[in-house]
Structures are given as structure tokens and as C-alpha cells.
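Think of it as A, B and C in the order they're written, each chain with its own count starting at 1.
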């Protein structure tokens, strides 16, 4: 088997696989954006003094975090269309699944970031005469954001890897396009190997970058 | 789109009920066995990353970098479709055919190795959270390096990382669903299969969801008890 | 968050309430007219019915028929222009995508069954086949009876998987590993077979001939066994959809009457781009006569 590799199969199918890569990147970018926005909202709701509100938010987070992502993808893929009763593309169903799922994780990171700022600082800010909003804006958030950015970035790298799970519903992402070529041309070693190396290079460099950021901006 | 025909009783009918049970058993089996690989291996790698020996640290870092930066699903395909082809012919053939339960074994092995990289990170951060002072104190008392780890650092580190280790275990439990991509009929896969046979997608997915949530809840409660029992008063804790 | 839950709960309740069935005209034609797109669902490796060609585009016997239906729909709706879009599917995703309206028609190798007809509808049968096994020539396997102690792979959610299971239970065949290996689609199944993880792949014989003809070395493979299921293929469309169904069935009838169907058949099967060489069976010829309704 060794010495029997045919790398030209990758070159020949490059445009097709590149299309998959574009879908992977689009899905990641949109899911990160949507997940962050929804995550902020949920984190704020969880920190709400109104008990039922924070309880509901906590339920949402814990519920989604106890489900495998694959099952969440299947749920959304099969059932969202049934629920909303109108046409929705596979991509959008999956995107919605990722946004809802990742928001649960992002919200936990954001909540932890805000909670990591000591209570005493808020008291001190308020003692200085700042309003509650001002102390949040000028004292808590700048520190909280610094604390959470590396973790949010790390979660986003995981999210990039997680997008490969759309394979289970046959959406044409990077892995799935490579898989189509792998079975069509019967070259699983070359194709799966290439996917692994590309992910490894991209995610490794990104995590090193995050590490650098963390050291540079740590408080 | 029209009405949805609810059909809850179908889940109790043969063979569907049996499918759910067997799917759940596979899911638990994969999670537990993979954890039995991940915990010791991950601990060893985590410790390797904390010792003074540069070679050990490099090996540990290399392992973690490789396994954490390739999507788990891709790793699954590598172990299933690529590695056996690269092995010597007879061994490859054994892995593909004669090894007991080839799909299941591959899935457990793959998940175990992946989770080990995550456990290693937790163990390392647990060890890092203990002040250097304790290490030196142990050394000063005449303990060997091994003894310092065995009697001083590890007992504290493991207690500190109970919460993150709990989520890693739950991670392996949830990730066991990826085994379906190489043909293991675990819980999620059985839910899909019931959907294929009965079109009762809502019901099938609900059962799977409830089972996943129940196990998660159970594990969290259990670990809270263990955490409470083993807590050392006055020590730091690391957030999950 | 609360709102989102309320919305979710609301939609759940809506889904439970049976909605009044509208008239016979379905949503598909209206959607095609509004969006000026005709969306075809296809498969990756149902050679030569519906598969990805070397250029990365969907092609095949079923696709060609559907392109004719698309033309007819465009004419029926008097659209000046209409785009034809392709969406890849797997056996597990096709029905949800169709009921969701993501695709207008599914053109591949789907068997018309009573169970599926409860969820979706089928156009006139355009192909007939049945379950057989694909094996290596030197494997010595001639039918399911030879599968004791051997590994069998099937695509999850196919009629073949179910038919094979029934046969295995009935005949008391003991497979290696105790169960059929169930994978996502044809290509995963072929990969399992080619790497020697499975000894046989159960699917419709035409698909198996197609896979064998497209393999690296077609001479290594053999399709064996008597049929143990009857699989009439039809294009899938949404239910309660009489106007679209009429366009589809009329197109098929006219294709047969005009002789064009035979040309499409010959293009893909005689010998076809992958050299499959699968002449039209007498049964299929009879079927074609039956679906060719007069004007």
C-alpha cells in the first residue's frame, strides 16, 4: 500500500474540495457570530436578579450542554423544517443548530468572565460614585473581556473542528467533499490524510496565536 | 407542514424498544471503556508535561497538539479507513476483520486517545495550580520525584480538577455518538434507525435526548458528592 | 430566552394541531413560480442514476428525466427564466428535506414503498430493480445463504437493508459480528467493501452494477444472488401536490411515447459513461408501456 499514494487525485479535485472549504469557513464564521450574540444575551439573562429568568437561561445552557452535537444537528435538521412549516435550506438548519449549541458554551465563558471580576471592585466603583451601568462599562467589562477573549477564541477553534460533524447530514463541507472524492476515486488515505493535515496546521497555528495573546494581554 | 402523527407507543414495540436499550448500552460501554484508556494515559501525559525532563515535556506537548487540533470525526476516519491500510498486510487484515467488534473497538480506541489529550491538559493545569512551594517542601523532606507526585502533588491536583474531569467524562459520553459514522449502532444511531423504520423522528430523538440528559444529571450529582467528600478545606479550586 | 422558548413551545403546539388539508394543488409549483428556481435533490454515488461526475456535478439517468420535468414546469408556469439548482442528499436526509420544501423533487434511486408514501409521494415508476449482493469474484459468495460468518454492509435507511434483515432472520443466517454494518451511503459502503471490512454489500442491483463499473478494477467485482426484494424507483415529491405531480407524470408519459426515454436509458446504461451495460429488462419495458398514458 505504501509508495502507492496518488496525490494528483487531490489536485484534480481541488476546485470541488475548495468549495467545501468555503462552506466550512462560512459556517464557522456565521456560527461564531451568531453564537456569540446569543451567548451574550443568555449570559446576561443568567446573571439577571430575576430568579425565573436566570433559571430558564440556566436550563437552556445545561440542557444543550448535556446533548451530543450530532444529536442536536439531527434534531434541527429533521425537525426545524417541520416546526416552522416552510422551506429552509439544510445549511440554515445546521447553522441554527450550531448557533443555539455554541451559544450555550459561549454564554458560560462570558458568565465566568464577568463573575471572575471580584465583587469588591464593583463596590469600590460604586463607592467612587459611578452608577451601576458605569461601573459595568468602565470597571467590570474591560477586565472581564480580557479574561474571556482567549477562552472564546479557543472555543471558536473547537467550533471550527466541530463543523466537520455536518458530515452526518451530508452537507458539503471540507470533510464531506473530501469524503466524496475519497470514495469516488477510492483514495481514502490521501484524502482523509489531507483533511487531517489541513485542520492540524490551521488549528495548531491558531491555538499558538491564542496562547501568545493570552500571555501578552493577561492581567 | 400538515399534522404530525404522534406515535409514542411505537417506542415500546418490538424491535424498537430493544434497539433503544442496546443503543444505550453501546453508548455507555464506549464511554466507560474509552475513559479507562483516557484517564491513565491522559494523567501520564499531563504529568510528563509538568516534569523537568525536556524530552518528556516535548513528547507530552506533541501528543496534545496532535490530538487536540484534528477534529475528532477526522480522527475516527483516520483510525478506521487509513491506519489499517498503512499497517503490514496481515496486521491490517486482523484489525479490519478478525479483531473482535472492529467498529466498536476502533471507536473506543479513537475516543480514548483523543480524550487522553484533554485529560492531560486538565491534569497539567491541576498540577500547575499547586504552588511550587509544595514540590520543594516535598523534596526538602527527602522524598524522591516519584514520591512527591504520588504523595503530595497528585492527591491535591486530582481533587482540584474533579469538576473539569467530570465535564471531560461527560464529553466522552457525548462524543461516543461519533461512533455512528463508522457504523456502530449506539444511541443516536438507533434513534436514526427508528426514524428510518417508523418515521417517528420526534419520538425517537426525544428518547435519546432524555437518556443523554439523565446520564449527565446523574454523573454531575454523583461527582458533586465525591467532590464534597474529598474536599481539602482551604484549597483553591479550578473552574470547569 | 423566555421568548425563544415561548416561540418554540408555540410552534410545537402548532405542529400537533392538525391543519386543514388545502386543495389538491400543492406548494411546489407555487414555490417554483415565486423563486424561479427548480431544486433537484441528488445522490453522490447512485451510479448511473444520480451521482457526482468527474467534474463535481450531479448527473445520471434520473437527473436527465428530472431536467425534462423542470423544462415542463417552466413551460407550464410560463416563466421566462428559471434556474435549476442541485442539492446533495443521503438516504437519511432526503425525506426531511423534501417535506421541508428545501428540494422540489428527488431524482435518484429511491424505491416507491407504501411506508414512504405516507410521508411523501412518488411519480410514475421509471426504473425497476431489486436487492442483490456485490462481492469480490474470488469470495465464493453466490447468495445471502453463503453469508454465514461473513460481514455484510448496507446503507442505513435503504429498503435493501430492511429486506436483507428480513431474509437473514428468516433463514437464520449468522453474520460476522452478529449484525449488518450500517453506514451512511453507497460510497461509505463501497469503501468498507473495498478495504475488506465487509464481504458483501447489499443494495439494488443496478446501483451495484454501477458501483462495480466505476471501481478501480471492475473485473474484481461481481453482483450475485437472486433478487430478494422488489424495488420500483420513482422520483419523490411532496404529498398533496396534484398540479406538480401532473407535470411530472405527464412528462414521463410523453418521454416514453416519443421514444426519448429509451434514448435517455441508452445514454446511461448502454453501455453508459461507466460502461455498465445493463439492457432494459422485459419487466421495465412493460412498466414503461404502463406509465405512457395517452394524451
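For this structure, a couple of remarks:
In this text, a residue touches a chain if its C-beta (ideal position, glycine included) is under 8 Å from a C-beta of that chain, and two chains touch if they have at least 3 such contacts.
In this text, all values refer to a predicted model and were calculated from it rather than measured experimentally.
By number of C-beta pairs in contact, A-C leads when B-C and A-C are compared. With centres defined by CA atoms alone, the chain at the far end from subunit C is B. Here the spacing of subunit A and subunit B, counted between their Cα centres, is 20 Å. Averaged C-alpha coordinates put the centre of subunit A at 34 Å from the centre of subunit C. In subunit B, the residues touching two or more other chains are 1, 4, 81, 85, 181, 192, 195, 201.
Each of the following residues of subunit A touches two or more other chains: 78, 81-82, 85, 168, 179, 182, 188. Counting partners per residue, subunit C has 15, 92, 96, 99-101, 184, 191, 195 as the residues that reach two or more other chains. The touching residues of subunit C, counted against subunit A in their complex, run 1-2, 5, 8, 11-12, 14-15, 31, 44-45, 52, 56, 87-90, 92-93, 96-97, 99-102, 184-185, 187-188, 190-191, 194-195, 214-216.
Contact residues of subunit B toward subunit A in the complex are 1, 4, 65-66, 68-75, 77-78, 81-82, 85-86, 89, 92, 170, 174-178, 180-181, 188, 191-192, 195, 201-202, 205, 208-209, 212-213, 216-217, 239.
The touching residues of subunit A, counted against subunit C in their complex, run 13, 15-16, 19, 41-42, 45, 53, 56-57, 60, 77-78, 80-90, 93, 168-170, 172, 179-180, 182-184, 186, 188.
Residues 15-19, 21, 91-92, 95-96, 99-101, 115, 118-119, 151, 153, 156-157, 162, 176-177, 179, 181-184, 191-192, 195-197, 239-240 of subunit C touch subunit B in their complex. Across the interface of their complex, subunit C is touched by residues 1-4, 6, 81, 84-85, 93, 96-97, 101-103, 181-183, 185, 189, 192-193, 195-197, 199, 201 of subunit B.
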